[in-house]
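Take this structure first; my questions come after.
We just call them A, B, C and D in the order they show up, numbering each chain from 1.
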Amino acid sequence: MSVINKIGVFTSGGDAPGMNACIRAVVRTGLYLGKQMVGIHQGYQGMIDKKFSNMDSKSVAHIIQQGGTILKTARCMEFRTPEGRALAYKNLKEEGIDALVAIGGDGTFTGAELLSREYDMPVMCVPGTIDNDLYGTDFTLGYDTATNTVIEAIDKIRDTAASHDRLFFVEVMGRDSGCIALRAGVAAGAEAILLPEKETGIDDLIEKLEAGADQHKTSSIVIIAEGEKNGGAYNVAKHVKEKFNFYDIKVTILGHLQRGGTPSSFDRILASRMGYAAVNALIAGETRKMVGLQGNAMHLTELTEAINNHSFKLEDDLMEMSYILSL
Amino acid sequence: MSVINKIGVFTSGGDAPGMNACIRAVVRTGLYLGKQMVGIHQGYQGMIDKKFSNMDSKSVAHIIQQGGTILKTARCMEFRTPEGRALAYKNLKEEGIDALVAIGGDGTFTGAELLSREYDMPVMCVPGTIDNDLYGTDFTLGYDTATNTVIEAIDKIRDTAASHDRLFFVEVMGRDSGCIALRAGVAAGAEAILLPEKETGIDDLIEKLEAGADQHKTSSIVIIAEGEKNGGAYNVAKHVKEKFNFYDIKVTILGHLQRGGTPSSFDRILASRMGYAAVNALIAGETRKMVGLQGNAMHLTELTEAINNHSFKLEDDLMEMSYILSL
Amino acid sequence: MSVINKIGVFTSGGDAPGMNACIRAVVRTGLYLGKQMVGIHQGYQGMIDKKFSNMDSKSVAHIIQQGGTILKTARCMEFRTPEGRALAYKNLKEEGIDALVAIGGDGTFTGAELLSREYDMPVMCVPGTIDNDLYGTDFTLGYDTATNTVIEAIDKIRDTAASHDRLFFVEVMGRDSGCIALRAGVAAGAEAILLPEKETGIDDLIEKLEAGADQHKTSSIVIIAEGEKNGGAYNVAKHVKEKFNFYDIKVTILGHLQRGGTPSSFDRILASRMGYAAVNALIAGETRKMVGLQGNAMHLTELTEAINNHSFKLEDDLMEMSYILSL
Amino acid sequence: MSVINKIGVFTSGGDAPGMNACIRAVVRTGLYLGKQMVGIHQGYQGMIDKKFSNMDSKSVAHIIQQGGTILKTARCMEFRTPEGRALAYKNLKEEGIDALVAIGGDGTFTGAELLSREYDMPVMCVPGTIDNDLYGTDFTLGYDTATNTVIEAIDKIRDTAASHDRLFFVEVMGRDSGCIALRAGVAAGAEAILLPEKETGIDDLIEKLEAGADQHKTSSIVIIAEGEKNGGAYNVAKHVKEKFNFYDIKVTILGHLQRGGTPSSFDRILASRMGYAAVNALIAGETRKMVGLQGNAMHLTELTEAINNHSFKLEDDLMEMSYILSL
């Protein structure tokens, strides 16, 4: 194990609220431990383009509450090639960077794992994505904030749905993962939730809606995860409209506003703990691991394990409960 | 002029934040003046279906901060026929209602004008719509709140746009009116704004975006009013993408969340003043008028005038200013 | 174990965001399981005053997002006497109530434990308090929302602190418990945090502030839990002012706004799970227990255990981390 | 009239939401018109300490939504002396600054007026204060945002007031001016409002509260402006408690959170218009004036007039209306 003097930190993949709070924690923990800290801009692309900047305590002042990422993020095809990684490593070495903290999702982890293995570079990863689809942590960074953003939007939609006696289909983010849809659905009191992980046919859905109508519900909200099997909110609405005319039907796709916003208290604390733990783990000689929240404690998971066990951690009890509580 | 003993209040057309605050003001002002107050549910449909309920002070307690309308709103085709209005009038008379306060937009006013003229029923209207497209008032009820909702959403989108160096097209409400788009565009610091009232070709837009790129802007937001002439955000994005590849391009349609939410301070005060003024005007013998805010004072406008002068009150200086300030 | 047919639900002690979401879950779960559900108004006082009302599914519609408690809450001295409890029990029996779900804190649990033991009445408790000071659950209902409310306020205060180069002392709720102060302090990036559970003298505090000033910090925020040992924010400010003149000093007491507001996604889900679990536990024959969140699962804790182990669950690592991250 | 080449902009006095949006408008309008723009840090103190920095378009990117002021603000005793102003002028001249835009309140205007008169320096002022106590404009910068912040806080307090059947005294900012108290009181549906501009004795207040209690109001909110004549919220609460025991009584002082936060749409637009108008007026040869919003248009007012007519623009009709609507 080589001595670590200079640590690079970067964000990669989709941005998530809390990334800045995590960058702050990484930088200040490193400085406290006497290390030099470098920000790498635009993720792996920045390694190739030499977008490095030294970071001191002031560099991360007043960012704990900011959405997005001050280090920016980007996709980088070149890094997927051995030549790209060779160039990235060369640039990192020239800069004197001898360890990395990577904040992002599955793709970010894969890149970090390869670079670390090929060039024996210590890396520690932090799960940052609003989708909560990563193995080894109960909550990913940004998931709590995104869920709050979604329910604030649905609370507004509920106002107008109730005023007009309407049925709303609200599509939320989460390509392969119904985590946002499920939690937001429970928290918003949605009448039904359609997820990628569950087969819910249009007939099942209509049955639920009819049960609601029988109970004299005059408005309803259905949450639809974008990766759901019936083809998205517009398609579901179309099919439902053919067979069920009880309500006036509207569709809303919440879109990218789900990614932004000032992080919640939960995400700021999680970000701080994860960033702090990641640097401490690196210094303690750990590498190729992901920090994660399990129960109330920080745990390390092997990156290969995190990557290979893409998580389907739907809380099944929530699904059943959500239906009972909406009746 | 007959004596008014019992006043009916209703909301009609699209719901808008502040309608509940206005209902509260109407009911409590009427009660204070010794009148009986009746809530008519679901607008004109409720007159036909006899959906009346007596309202006391408690009926409107703790609603000043609620979005939507507790009296609900609905479209009513039947009221557009003379037979429908005859039935509505008969039901109102049976209920003892001898004057009306109507909260809504153009369509609501037209119905109120007809009923009032045909049956000599005193009516007073309040301009309630998020679109701000009514003549005779500087601000309609709900417009300020909707604009705040839009900029909060765009602030979130800006986080992710800036993190990814993206160009976002954000579509906002306002069928014939660019009022929300214009004010939200200025307030959100948008790089361009496309309105129904202005011809802005794709080439003009690309020119602006290129000017921004020349200035090293790495992300941009374009606001698009839904009634704009190029066919909406998706079409604009498609056409821009063909000729301008500087940024990664994304589209968000904000949708119905713009209608809901707790009303802003501005809208609660406006709603209170308008409701208070409407009842006082009725009692003073006024009829077939709309209360409106002009400068800082309440003014009455003839309903026919309000209806025939559908407003295009775009503040032209804002348009030019918004471009200069985004450079 | 007797058969349960009719379940009463009530809130008691200080109100907390999420109580309504929990009432909704209790009522709808009970109805789903075929039970009759009764709301008891104003806690134990309502048992004595016979403030009972039958609750159906509609009674709890559209309350999941509301702060406060629709069943209200009150202190009740009479219930602390055997005579008071005898009367309460008599009234509950007359109403046909044969089991109770109590939502509240320590005092609520003590009352429930006594009534249950004295009259063999099945009771299940839900930990509802913003203070997070209860044993047997990682999070109490309302704690997450209150922490979000606090950091939103501090984010605003930070704007003005930074503009004026000021030092702000912000006092937050938590009589015996520093939970809100600690989490809010970490999440708001506070320069120091004073807690009831820790002795932090004025000199220690000044040392920290001087360290910040040496680092060219131009503004600072110190979070002070109301039960802290130096006598509250005004006293701390006074003592600091005598010895440390680097900044202009201001004090803000956040006060009761911390209790209200629409519950966060986290609290709505927690409330739903706890209410659902409480009714299911009652039906399964459990009694005199508290439902709690441990890790990601619901657990039952004996009421006596919950009451006797008033929790001091400060996360010590957070304290140290918060200081390092603020440097 | 001399040619203007380089314009300095600064903020002074208490900070207000929208100041950053105004700085952005001033800088970008100036740049668009071909002028050099300089930011002066910490108001008049910065002129004395030579805290100048050149500002380009990037300097004001992404600040339209930020509370506080990036140029900071400070009190400056030295500038009140002729020697101080002489030094300030000397420094401004050395920097090449030949005109000023000042954003602030009464004190800021007085300083600008003196400097301009003594040294023939063109100045244009923008009314920036949350208190809305300036003559010549219907709304000052930050007033709308502060009012929204206050009602959001009171909405939360109402949750807990209603749950406990309590009477809350909420003290809001406004030393000589009851503007915030009045508008927030109307918008929050307060049962009574105490202002510096009106004598409202404790007996009058108790009479109102008793009227509410007679109407079976179970909770009440009284808004108290800090400059009110009975000595502030704690004193009022004490005196009321002696004679009126209907409710449990609590006090909350909202404090400095009222100054911060992201500006509302209204304030961002007002800030943009005012900044834009100020620079255009300077270039057009105007000096020693304040830009203001009158009705919907920008107007210029002589600084001396603005200063000598400290505004008492309480909308009297609101006061009476607020009482009627709370019954």
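Quick note on the criterion: a residue touches a chain if its C-beta (ideal position, glycine included) is under 8 Å from a C-beta of that chain, and two chains touch if they have at least 3 such contacts.
If you want to know which protein each chain is, UniProt gives these names: A, B, C, D = ATP-dependent 6-phosphofructokinase.
Since this is a predicted model, take the numbers as computed values, not measurements.
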Reference chain A; chain at largest CA-centroid distance: D
Separation of mean Cα positions, chain D and chain C [Å, integer]: 36
Whole-Å separation of chain centres (CA-atom averages), chain A against chain D: 39
Length of the line joining the C-alpha centres of chain A and chain C, rounded to whole Å: 28
Two or more partner chains touched - positions in chain B: 155, 158, 162
Contacting chain pairs - touch in the sense defined above: A-B, A-C, B-D, C-D
Contact set on chain B toward chain D in their complex: 24-25, 28-29, 31-32, 57-58, 62, 64-65, 138, 144, 147-148, 150-151, 155, 158, 162, 183-184, 186-189, 215-216, 262, 264-266, 268-269, 272-273, 276, 294-296, 315, 317-318, 321-322, 324-327
Partner chain D, residues of chain C touching it in the complex: 11, 15, 17, 19, 66-69, 72-74, 149, 153, 155-165, 168, 250-261
